[in-house]
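You will see subunit A twice below: alongside subunit B first, and alongside subunit C after that.
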Partner chain A sequence: MTPLLATITRREAGIAVIGAVMLAAAATLPLFDTGFYLSLALNIAMYVVLCTAWTLFSGPTHYISLASAAFFGIGTYSVALGIETLPFPLLVTIGFVASAVLAGLVGIATLRLSGVYFVIFTLGLAELVRQVVTWAQTNFTRGVGLYVFTDFTEAHIYWMLLGLAAVVYVTGWLVNRSRLGFALRIIGNDETVARHVGINTAMAKVALFMISGGFIGIVGAFLAPRFAYVEPPSAFNPMISFQVVIMALLGGTGRLWAPLLGVIPFTILFDQISANFPNHTSLVIGIAFMSVVYLLPRGVVGLIEDMRRMKRKFRIVWTDDAALGKDPAE
Partner chain B sequence: MNAAPILRIEGARKVFGGLVAVNDVSFDVREGELVGLIGPNGSGKTTMLNLVSGALKPTAGTIGLAGARISGRPAHEIARQGVARTFQLVRILPSMTALENVMAGAVFGHMRTWGDDARHVAAALLERVGLAGRGDAMTGSMTYIDQKRLELARALASNPRLLLLDEWLAGLNPSELKLGIDLINEMRNDGRTIIMVEHVMDAIRSLCDRCVVMSSGVKIAEGDVADVLARPEVVSAYLGDDDA
Partner chain C sequence: MEILITGIVLGGTYALIAVGLTLQYGVARIMNLANGENLVFACFGAFWLWSTFTINPVLGIAIVAPAAFALNWAIYVVMLRPLVNRAKNRGQLEVDSILATFGLMFIAQGIMLLGFGGGYYNYNFLSQPIAILGANYGLNRIVALCAAVVIAGALYVFLTHTRYGTAIRAVAVDPTAAGLVAIDVPRASAFAFALGGALTAASGALLSTFYTFNASMGTLFTMKALIIVIMGGVGDVRGAVIAALLLGITETAVASLIDPGLTLAATYTLFILVLLFRPQGIFGRHMA
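Right after this comes the complex of A and B.
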């Protein structure tokens, strides 16, 4: 892989080092606390992976997918159904493959749909999968729920999620610098142009939707031991889909690391809301969602970029004045 | 010029509901030829171009590129076969730099380069169309003529066997028009095969080897430019009949 390594810029190497240090620092958290803060950090790690995986697809294409809960639930069920008979890593792999295959099928069927039709279809899909699982369990098995007993502690799950986060970031970086990533940026700009420069737009979108859905499936698989008791409403909880979208949009979808800036504040906020307003959680989340869309249409990252641009403009004005011999303090 | 036809259109037909936009049109384009496709507004010229580029699928008839049938294939496959185009309303990629806009044409199409190769191709073409050194410019804030230049560079980036220009000269002021005509003339001198849909008659007269005239979806004339433009049926298609 020398050609790849040879083309890494200093800046990219710097970001990689900073990322690795941050990840290592985050990984030490269970040494200090295994209660509230670990639990909160686990939620943050989970949504970081979910939102980043979601952004891999939705960032460049601008397709809003509400199918996250479907992929997540499939991952969870892959583990829950097989935990008695098969090793955990194999079950995670099954969860990844099953989610990716579902994403592929959905992609082939729906990516020709645009805008709101795609959103509605993905929302319906999550519900459909949930109903099918419930139906299958009530008709073919003894109960609706499944027990998942493992030796994993919250710390283990947390570490697995951090490792997965690293994999997702590296994947995202590799995709961005590949032809596929370039193709998706063109598609996001103008799909007609994309087709006429020779891009198989349907294939490109399906490929990325599969990668994105597969990762979300792995998160669901990792989280199964935490649920301990898995049933369709918890594994296919539509709130997961909505929160992923809200957090990713709050952070911004233009950069790979942008969702991080939405996940951390929102997870902490959501934790506070559900602790202090247990009966009004949905209402407050709804208000938060609308605020994000109205106030930060390009997310926190967009805000940062706007501020930078204003600063630059200010600096240009300042230097012009200086060049004219004016005192900038005037 | 007796070169073999690179593009052969046989009985191409496109129907939108009850409207026949292109009505059994046939013509050939030989390698290295610059063919003008002209006719009054609404005569089906752009639809004809869309059939060739794959933006639309013909209702009937066949279109072949260098002997291989391309009609009915998706646009991205036709692009890979070597057909590139510009659009009637200029289409740039606003969130990407000028260099990236041109690279888009060099990566996925008839020519498949990547990395530094694609960058070199794109930089050379930017210079070619008069945008040297503007590679990092954000394209959304470029002037209209520069956006048109950029779009042309993107189309050329795939080194197409056939280039389709859809009113590429429309909307340019007189000095820009002269630059534009010179640019197309240079491409013709390079041996590029081009079909241009155009309303600017000066450009048609000075550039085209041959022209095809359409009216109400039907091909009404084809041949040498001066000769064709003098024919009564062409004059009446543009100006109406005397006795009407």
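Right after this comes the complex of A and C.
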């Protein structure tokens, strides 16, 4: 087996350098502003990680997961419950493990079956976990709310999220080139074929769903200090799941970096809408879903790729679709 | 005994919603996640008819259900048929229709929030007690259950004893083969989708007589209906009814014996059991 570093192509190295530079540039933001823009950037960073982690699983498999809020809440709760007794990094690890375990259980129950079962199961998952947590807290502890007091400022949380984003991107790249990633692409294109070439489809899907869920749990854990006061309805807010889906699909799920193109405009738009027209947020999300389905079925990335192809077609008359690396599933 | 009767009443309402959904999914092949909003629309419709024209909610079904039928027909033809035509396979149609109906769900919620606000509504209709086997129940609940039984019975007769009902069941089994025996599949699909919406609306009108409703509760009902549909077997009306009653009784039992805050946990426990042991539904046959 060749060492990992030796297999990196020049193109990949170039992307890595550009990515690192962009990340470093983004990291300097708290030096200029610690108010509105930092807060907005923090939201963007949060959704970038959430959507990329979501795409890690849902991109290749085409399964729509609505469980993000459940994993997020578990991460938040892991920190909130233990902040007074255990060190923060350990709590984040617990959040990661707990979310991944939950993802594994959900995956084992539903991913053997067709996609609809999975969507339905994840639709209520956050609500289910919220009910169980509320019930456990009211019966076995004194109050429902928990205070999270730490020395972290928004800038610290922002930097942690940027670091996590880098980890998620690297993980996504590693998965993509591994046997697991290859198996998942085959599953996404045709599951029957995947089974016939000897892929354990259920295990592959469960494994990736666990990785994806674990990362979402970490985001929830990082965000806990920002909440300061954690209670079930805020930690397990189902809107998180929907926003993650819509932003990721808006960007596109075919590429690892594609959700970025959905997250940035949507977060800014949504921030403006909820500040100025708080009663219209559901309408905006509804319209966004509609436009993704009817106008941008492959997201912004799909649009860019279409435009590029159009350009090429004008330049070269004998364009071969397959040569352009178009995904045959689409 | 009290648990059993209260559970059956609750289950009866679930049954109509779930039967509506199973028609939409089983025949029209559209997983309609906005179905709960249909229900809430009907709740507000019945409330409005009662408070403005003092029209009895049970009779109000005669207005609410046809309105929902027309609305759902239009939604199917305008919004969903392009997706059906575009989809290359069933998986893609499922993903597309789930996303489109999510959009619909949020838009409907947004409209209702703007129209009625986020507050809770209820009204008094037949709220005197009635004694059955020594325990008291709200008369409105019993009336709602009876109405639900009548509607479900009428649907059953329609599906099994009329020509068009049989055609609809044929589409549920195999759309391609149904087309070969001269059934107008696109029209039957639209009809089934609209009929499903009308049934859900009817159950909404009944529900509003004894349940406190608000603009954003639709999702919870959609979720329960979906779970019932899966439990009963997709497209299986009889299975949906049994599963709905089972769920109603389980929920009531958990709420009164353990904790009212754990009803969803009870639902999910049932759901997981079904997924693990009978993913094709309680009465479902094994799929190839």
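The rule is simple: the second predicted complex is superposed on the first by the 314 of 330 C-alpha atoms of A that agree within 3 Å, B and C clash if a C-alpha of one lies under 4 Å from a C-alpha of the other, contacts with A are read in each partner's own complex, and residues count from 1 in each chain.
Here, contacts are C-beta pairs under 8 Å (C-beta built on N, C-alpha and C of every residue); 3 or more make two chains touch, one makes a residue touch a chain.
Just so it is clear, the model here is predicted, and its values are computed rather than measured.
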Touching partner for A:286 - first (subunit B), second (subunit C), both, neither: second
Subunit C versus subunit B, contacts on subunit A by residue: C
First, second, both or neither for A:76, with subunit B first and subunit C second: neither
Partner chain in contact with A:179 - subunit B first, subunit C second, else both or neither: first
First, second, both or neither for A:62, with subunit B first and subunit C second: second
Which superposed partner A:199 touches (first subunit B, second subunit C, both, neither): first
Touched partner set for A:189, first subunit B, second subunit C, both or neither: first
Partner chain(s) touched by A:120 [first = subunit B, second = subunit C, both, neither]: second
Contacts of A:267 with subunit B and subunit C, given as first, second, both or neither: neither
Common interface positions of subunit A, toward subunit B and toward subunit C: none
Sites on subunit A touched by subunit C in the complex: 62, 64, 109-110, 112-117, 119-121, 123-124, 127-128, 131-132, 134-135, 138-139, 238, 242, 245, 249, 279-290, 292-294, 297
Residue numbers on subunit A that touch subunit B, as the complex places them: 7, 179, 182-183, 185-186, 188-190, 192-201
Contacting residues of subunit B [partner subunit A, same complex]: 53-55, 74-76, 79-80, 84-85, 87, 91-96, 100, 103-105, 107-110, 114-115, 154, 158
In the complex with subunit A, residue positions of subunit C that touch it: 31, 33, 82-83, 91, 94-96, 98-100, 102-111, 113-114, 219-220, 223, 226-227, 230, 259, 261-265, 267-268, 271-272, 275-276, 279
